[in-house]
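Next, two complexes with chain A in common: one pairs it with chain B, the other with chain C.
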Partner chain A sequence: MERLGVFLCAGCGLGDALDLGALESVTQESKPAHLSRHPCLCSPEGVESIRQAAEQGNLEGALLGACSHRVKQQEFRFDPAKLVVERVSLREQVVWSHPAQQEDTQQLAEDLLKMGLTKLAKAKPAAPITDTLAPAVLVVGGGQAGLEAAAAAAGLGHPVLLVEKSGSLGGHLGRTRDRLPQGPSYEELEPNRLADRIAEIQAHPAIRIFTSARVRALRGQPGRFQAEIETLKGVESVEVGAVVQATGARPYDARRLPHLGYGASPNVVTSEELETMLFAGSLRRPTDGKLPERVVFVQCAGSRDPNHLPYCSADCCGVTLRQMAAIHRDYPRVETVTVYRDMRTPGQLERFYAAVQSHAASLFTRGEVEAVEGNGHLTVRLRDSLLGPSLSLDADLVVLAVGMVPNSADGEAIRALRDARRRVEKAESETQRQEAQKLVDQLGHHQGTEILNLEYRQGPDLPLLRYGFPDSHFICFPYETRRTGIYAAGALRAPMEAGQAAEDGWGAALKAVQCINAAARGEAVHPRAGDPELPDFFLQRCTQCKRCTEECPFGTLNEDEKGTPQLNALRCRRCGICMGACPERIISFPAYSVDAVASMIRAMSVPEEFEEKPRILALMCENDALPALDAAAEKRRQWNPWVRVVPVRCLGSVNLVWIADSLSRGLDGVILIGCKRGDDNQCHYVRGSELAHTRLGNIQETLTRLALEPERVKIVELAHDESERIPEILDGFAATLEDLGPSPLKGF
Partner chain B sequence: MTTALLPSSSFRKALLERGGATAGKCYQCATCSSVCDLAPAAAPFPRRQMLWAQWGLADRLAGDPSVWLCHQCNDCTARCPRDARPGDVLQAVRGLLVEDLAFPRFLGRLVGNAGTTWPLLLGLPILFWIALLAAAGLLSVPQSFHAYEQLVPHWLIYAVYLPVAGYVAAVSWVSGRRLWRALGAGGPRSGSFFGQLMPVATEIATHKRFAKCGTAASRRSGHLALFWGFVGAAVTSGLLIIAIYIQGLPMPLPLAHPYKILGNLSALLLLVGAGILVANRLRDGKRTGVSTAFDSYFAWLVGLVIVSGIVVELARLLAGDGMVSPAVALGLYVAHLGVVLALFLSFPYSKFAHLLYRTLAIVHQRMADRKEPTAA
Partner chain C sequence: MSDPSLPLLVVGAGISGITAALEAAEAGRPVVLLEKEAFVGGRVIKSHHYFPKLCPPSCGMEINTRRLERNPRVRVITQAEVVASRPIPGGREVTVRQAPAYVNDRCTACGACSSVCPAKVDDSFNLEMGQVPAIRLAHANAWPHRYLLDRPACPPECRACVEACPHQAIDLAARPTEETLQVGATVVATGWRPYPIAKLPELGGGRHPDVIANVQLERLAAPGGPTGGKILRPSNGQPPRRVAFVQCAGSRDVNHLPYCSAVCCLASLKQALYVHEQYPEAEIAIYYIDRRAPGRNEDLLTRVAAVQSVRLVKGKVGRVEPSADGALLLTVEDVESGRRLEASADLVVLATGMVPNLDHGSALDVKRDADGFGRDSVELGLLVAGVARRPEDVASSVRDATGAAARALAAAGRRA
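What follows is the complex of A and B.
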């Protein structure tokens, strides 16, 4: 871009702390098409001055030397196709965090302006795809979450295709008589009115229901997925804009809990089996068909156990309370005992718990069930219960409140299995064949588990995060998965109770609709929601190394037979992880590219060694690290003035060439600050932080070869709320570099 | 060692009917135990007792001194997040234990069900007195009278109350032994019973434990007045035997006589004490606890004894001026004698028994750990 305007703001103390006149002279050197200063750039008059200058000067880009791009977004919003805006954070990164009227502070502001101007010069206006796209939502799974997702999307005017594997809708909830209380006083069981709700949904003109059906294939990208739905009548091909997967969960296999007597005695049943009895209106002891006198419920059967399900299944306490209440109502003579580890009754369920407890026939104790013995008449052995260290209790029927296992398919494992199969066939040596065969044996159980049958290079189903749940970011972005436009809802996403699953269905449907609308505008969904830029692949220079295809967290890229990446732009989240991966540097975004950042680094001043002014490049993730930096500045924390911050979309987008360039230019050190990884993974693009660590591990050897100390490059994890650590991190790194002395490459 | 859990549904049912229904709501957070200033640090209550009550583990409750160490201060009830009202539950448990420890047990059940049996419990002693006087030919009233001696001779009163006192002492001995054995099954005791009884008596005389109560602190003064009123009345009764049979003083004694002053002061204390307790219940039932038939029967009985006693005395004072006819006075006197008899007889079977059981439990506690209970 050539026709650039520079707009300096003198507000918020900028004019007092900096010599804006000097900054203007420096900027003048690069001959911008427009240069002006405003006492308050974010005021309506200030914004108007930008608009007028852009129109009159026919500007392509505007550089705002003002505040952080994270604030005043409404004020500085211009059509990105007409005017590319770049902000230089003179307020947060310079005047709030450094002493006023000082040479080093002024130098920092000059550098940041020059770097910003360079970046802007490299930018191109975004050219988003806009197209008429398919408005339909495909909902996979007709249980509580799926039904409500369908109702929500249809309610928003989107056609819905609801695919259910079994012959009828309703899922687990369809096979229960009562529901937990849904309204005040939250103390009484409610009749299950799901059948009425199903009738409403079936009657909705915008919802098409496919029962005894499956998704045979799903290809394409948000806004233009093509789904093949297979029913008993045949296969139908449909266009859909987004997908909600709500395939629910199944009970944990109680046969894996032999110490609890399951399998040894027919009188030990799962909560699901008790549900069947209660639904049929016949509570009977399986061995003799008599009404049991005492029913013992064993909570956490398999859940919260590292050998079985390490997580809390969330629903079992509620199910047990509901079943106890149903027994009290229908069989007043039956005594019910519950042995729990902790009763977990979130929200209003606590009231129901108290109501059930108050019933004379209900007994509760905390404790561990060590064993269930006997065949007809059972003995429950309790350990460490509130009633004593070692106790036994007679029971006629024992109910295992088994946990929840998500009905997910491990897309990545299925893909690995398929690849291994191919390698077995095409192996060049016997050892290769044997290794591949070993993998096939290991992963064989994934055969036939496909649900979505995605035609994605990275596998036919959603990648799983922890414990088999396909969530991608549990806390901040519920429903999001690692496949753009495909949202997880209900017990598939996290263990939950039916009422919560209903809300989840609504939530996921809203995300799906939002995604369809974003796709129609050619914009990204979260976290860069509204970003119209699309990646560009200069494929003539592609070496088919497949790193981009493999490392994209969102499965954006497919491959042709030779291994050349095929872009599905609307699957892209604009994180730039492919850009960081590409050794040929052929991937770029209009306003964010390897070249643009490399040019910024080149625009930075690097004083000679004798000046004793080191230079440090800080590549900071815009998701967590940059907000933390802004927060530190807001609290007026100060840090080392040699640091030059370059915001990056994700540490995963950092191309190692930037680090190599910086060091060879004589910069003294490079620090990368990004999101937490590992068990407490907070990377907004799931894999970026992890990948950055791996890639940086590789560069350390190169540094040693260049006779540079490996300490000159450092990577730090920082959470959103750790702004207090900013000065310590930056000053600490500067101190390390000072100990090392100036870079030996200075001046070369 | 594995022990079998034997929850008793009948105990739970009884508890439910006797004001302990809220026990079910307890979810064992132990707020109650940590706020109780009477609970010893080494054996906190009432969290554990709430669970036993829920499960109907009557044996454990019967052998646990904590049930009796509780003074129903209701600090637990005030702070219970589940509104499980541990203070009420323990009171209900005590009611059931009194019934269970009673000898013979059917009398315990009879008083335990005072909600329905009270006309019988109050009526029978009064009818007994009427029948006795009729049999002795004493129902004919003189034209005027200046002392109750003229209506009912002293010897007849002693002929009734002394054997009754003997009976009450004997059955209390049996019941007390039952509790003492049940408590002893929990662990060894050391030291002498009487050696510990003295400090406990001092404790009771000053209501030292009651002083630690927070929520129901106002109960202490009422209870203390009532306690000393009863002691005064008992001492006066003893002094009167001496006055009649040893000193040979003419009855009635003048109002200025020291014995008379003691008796009237005791009556005043009783009246004030009962007044405070009743006012507390009327003012703030949530703090004092739910009134069950077990509580109310005893309260009514005490109230009737006090009121009838005072009315009878006033009737005699007014009889001299002819304002009260001897027939009315006799009627009031017989009613008073009846309710006093009912109170005597109810000692081992009603809430009155807490005097015995709580004393035993505190002595047991001191003998079991030889330590003062420490505030949590």
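What follows is the complex of A and C.
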């Protein structure tokens, strides 16, 4: 990019703290097509001055030396296809955080401007690919969530293909008579009207239904997926734009709960088995076919138990209450007792709980069920009950409220299994073969569990979070998924009640529709929603090391037989983790590339050893660490003036060459500041921070070889709200470097 | 059916409203998002951490504000309320009243005004704990990033801020403005307010400074809070040594809120960790009726239950009163033993519930149930999302709001 404009702001103290004239002279060295100064660049007049200069000077890029790129975004918004804007944070990173009119402060401003100009010169305008894409939404699973996802996508004007494994629609809810109250007064059972809803969906002209069907293969990318749907009639290949997976959950296998009498006595049944009786209108004791006098419900049967399901299934308390109410209504002589650890009836379900509780035939007692004994007539032994330390209850039917297990497939495990199989075949040594075989044995049970059958390098199904649910890791973004354009919904995604599953179907359908539309505009989806940039792979120089295909958190890249990455651009989320991974530095975005940042590092001044002014590069995550830095500046916290901050999209996008270049230029240290990693990670690209730590672990050995102290490179985790730590982190690092003395590579 | 060419109106820019607005806009629809406050983020931005991950809400809000400002299809109007609404074919015409823009968008958040402001007001962002200048940035990450003036607090004739502002961003004579907008469907996401602890005098609410609400503890634990993140007893500024959490304070109670607010158990579990992290020696007790931690949230319960200094006690706190030693005495009905217990604490946190922010007779006339929660009127293109609809946590609100956006767009009947 050649025709660049430089716009300096004199407001917010910049003019007082800095010698702007000197800064202008410095930028003049790179001969910008335009250079001007405004007393308040973000004012309507200031913005207009940029617009006019850009138009008159036919500028391609504008460097704004003013405030942080995080503020005044709307004022400084220009069409990125016409004018690429680079903002240099002279306010937050220089004058608000450093003493005015000092040589070091001036030098910092000068460096940041030069670095910004270099980056801008390397930028290219984004050239998004826009296309008309397949508008259809593929919904996998025809239970509550899938049905509503289909209705929603159709309601939003998109064709829908609904694939159901069994012969009929409706899932678990299709086999119940009643529903929990969904509206006022919240105290009465509601009739299950699912059959009417199914009829509506079946009659919808935009919804095609495939029953006794499965997805045999799914390949491509958002807007251009190709799905092979296999039915009893054969295989049909269809084009779809996005996918909602709503394959639901199944009850936990009660045979694993022998201490609760399941299997030992036919009179111990699961909630689902009771549901079958209630649905058929025949509540009977399996041993003698007689109406039971007392039904005892055992809550958390196998749930909230580290030996079975450690989580709460969120639905079982509601199901039990619904079944109790149905028994009270249909079999008034039957007594119902519920043994619980905690009754979980959030929100207005509390009203229903209170209504069931007040029924004369119902009793609730807190307690831990130790055993269910007997055959025909049963004894339920409790401890820690409200009614005493140990207690026995008589029952002629015991209902185990078992939890739910997601009908998911572990995409990553299946992929690991397949890779291990390949290694067993191709192993070069017996040890290798044995190790691979061990893995095959460990993962063997994943064989044949595939659901989506994605033709993705990173596995045929969604990656799972804890306990087998392909849930989002993010509280703020529950639909976030690591496979772009594929959204999980309903009890598959997280334990939930049927009413919530219905809503979840609507939400997931909107995300699917949104992804199709974003793909058509050539834009990224969350978290860089609207970003039109696409990565470019200069494959001629690819060495097939597979790091990019391996490390992309979103499964964007496939591989050909040789291991060359195959880009599926519309799956890309623009985090740059592939760019950070690539040792050949062949991956770049139009305005964010290995070369651009490397050039920024080269543009920075590196004082000679005798000047005793160390130089430090801080690579900071722009979502959490940089906002914390801005907040610290706004509070006028000060930090070491030898630090030069380069914001990065994610620490995962940091290419080690930046660190190597910095050190070989004689910089004294490099610090990476980014999000928390681990189980509760706060990285919006899931693995970025984790990967940065791993990669940095590898570079430490290299440092030692180069006779550089490993302390010269550091990585720190910082949360968005930890601005108070900024000075301590940066000053602390500077102090460490001062103790170490100047980099031995200075001046080489 | 709503007219798809008209923008979607979203009322309330808390986590639910922001989500509904963004999900619709990113699907391609024009959206107008109204917020009563001067900044977006609602209740979540006043929380220290989310459960169960214990991560700061400002992190996700950073992403959301970036989405808001980069999306050309969303228009955000802050300090605004709907004051009138009338049906038109395909939607409604609403009158939006915007509070006087004493500080306009020329403001650069440089802070020159705040440093000269002579007036102090209660810090509403920190729930009136502590004082701030009448002109200030509401909080570190306020978006829009613009100062806020509490005009009635200005001393007569004072023009200090106007004179200090280098950007002519302050107009003390600003008047409220009204604007008429034609919109298609509407999503109401006006959120909730905490049940006032003053209504719980038997639990010491409003009577003793060391009896605080759970929402106050969020601010005390937050780095941007009145104590800079230090949890201290309001009465004497000292660290607490025994902290008691009173669950269902005014919830699941026919005399107060008959429903369960769905988040208070998890909020207290999370807050017990705040206290424990700052004061590993502090004794913490959580008095509960049921420990409600659905789904994967169970992990948080397991984690807290394993902390030695935290006791989970099944029991309903009936009374909190000052004791002779300056501490607080709790009378607890221990449901397990049937006996009455007495316990002592020097900080009592009332886990109060959520009251929907849907006032009767408001311009949009949302249908409400007996508890005051809103109900959809799909035929009128009026949908309710988030806690205005039902008590729920953040992740559920986001799910609900995404669904509501979908229902609103479907009500407008066009390919989205």
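Here is the rule we use: the second predicted complex is superposed on the first by the 733 of 748 C-alpha atoms of A that agree within 3 Å, B and C clash if a C-alpha of one lies under 4 Å from a C-alpha of the other, contacts with A are read in each partner's own complex, and residues count from 1 in each chain.
Everything below uses one rule, namely that contacts are C-beta pairs under 8 Å (C-beta built on N, C-alpha and C of every residue); 3 or more make two chains touch, one makes a residue touch a chain.
Quick caveat: nothing in here was measured; it's all calculated off a predicted structure.
In the three-chain model built by superposing on chain A, chain B clashes with chain C. Shared-chain residue A:Arg366: touches chain B and chain C both. Contact with neither chain B nor chain C is seen for A:Ser212 once the two complexes are overlaid on the shared chain.
In the superposed model, A:Arg381 lies in contact with chain B only, and not with chain C. Once the two complexes are overlaid on the shared chain, A:Leu393 sits against chain B while remaining clear of chain C.
Contact with chain B, but none with chain C, is seen for A:Ser358 once the two complexes are overlaid on the shared chain. After overlaying the two complexes on the shared chain, residue contacts for A:Thr702 are found with neither chain B nor chain C.
Look at A:Met343: by the touch rule set out above, it reaches both chain B and chain C.
Between chain B and chain C, it is C that contacts the larger number of residues in chain A. Legend: residue contacts after superposition of the two complexes on their common chain; A:Gln638 is shown touching neither chain B nor chain C. Contact with chain B, but none with chain C, is seen for A:Glu335 once the two complexes are overlaid on the shared chain.
Of 329-337, 347-355, 383-391 or 401-409, the chain C stretch that intrudes into chain B once chain A is superposed is 329-337 (criterion: clashing C-alpha atoms). Residues common to the contacts of chain A with chain B and with chain C across the two structures: 343, 354, 366, 386. Chain A meets chain C in the complex at residues 11-13, 40, 42-44, 67, 71-74, 77, 135, 152, 155-158, 183-186, 304, 310-314, 342-351, 354, 366, 384, 386, 466-467, 469, 471, 474-479, 494-496, 500, 503-504, 506-507, 509-511, 513-514, 517-518, 525-527, 529-530, 623-624, 627, 631, 634-635, 675-676, 680, 682, 684, 719-724. Of all residues in chain C, those touching chain A in their complex are 15, 22-24, 26-28, 48, 50, 53-64, 66-67, 69-71, 106, 108-111, 137, 140-141, 145, 166-167, 222-224, 228, 252, 258-262, 290-299, 302, 314, 335-336, 369-371, 373, 375, 390-392, 394-396, 398-400, 402-403, 405-407, 409-410, 413-416. Residues of chain A that touch chain B in their complex: 335, 337, 343, 353-354, 357-366, 381-382, 386-388, 390-394.
The touching residues of chain B, counted against chain A in their complex, run 1-5, 7, 9, 12-13, 16, 21-22, 24-28, 48, 51-52, 54-55, 57, 82.
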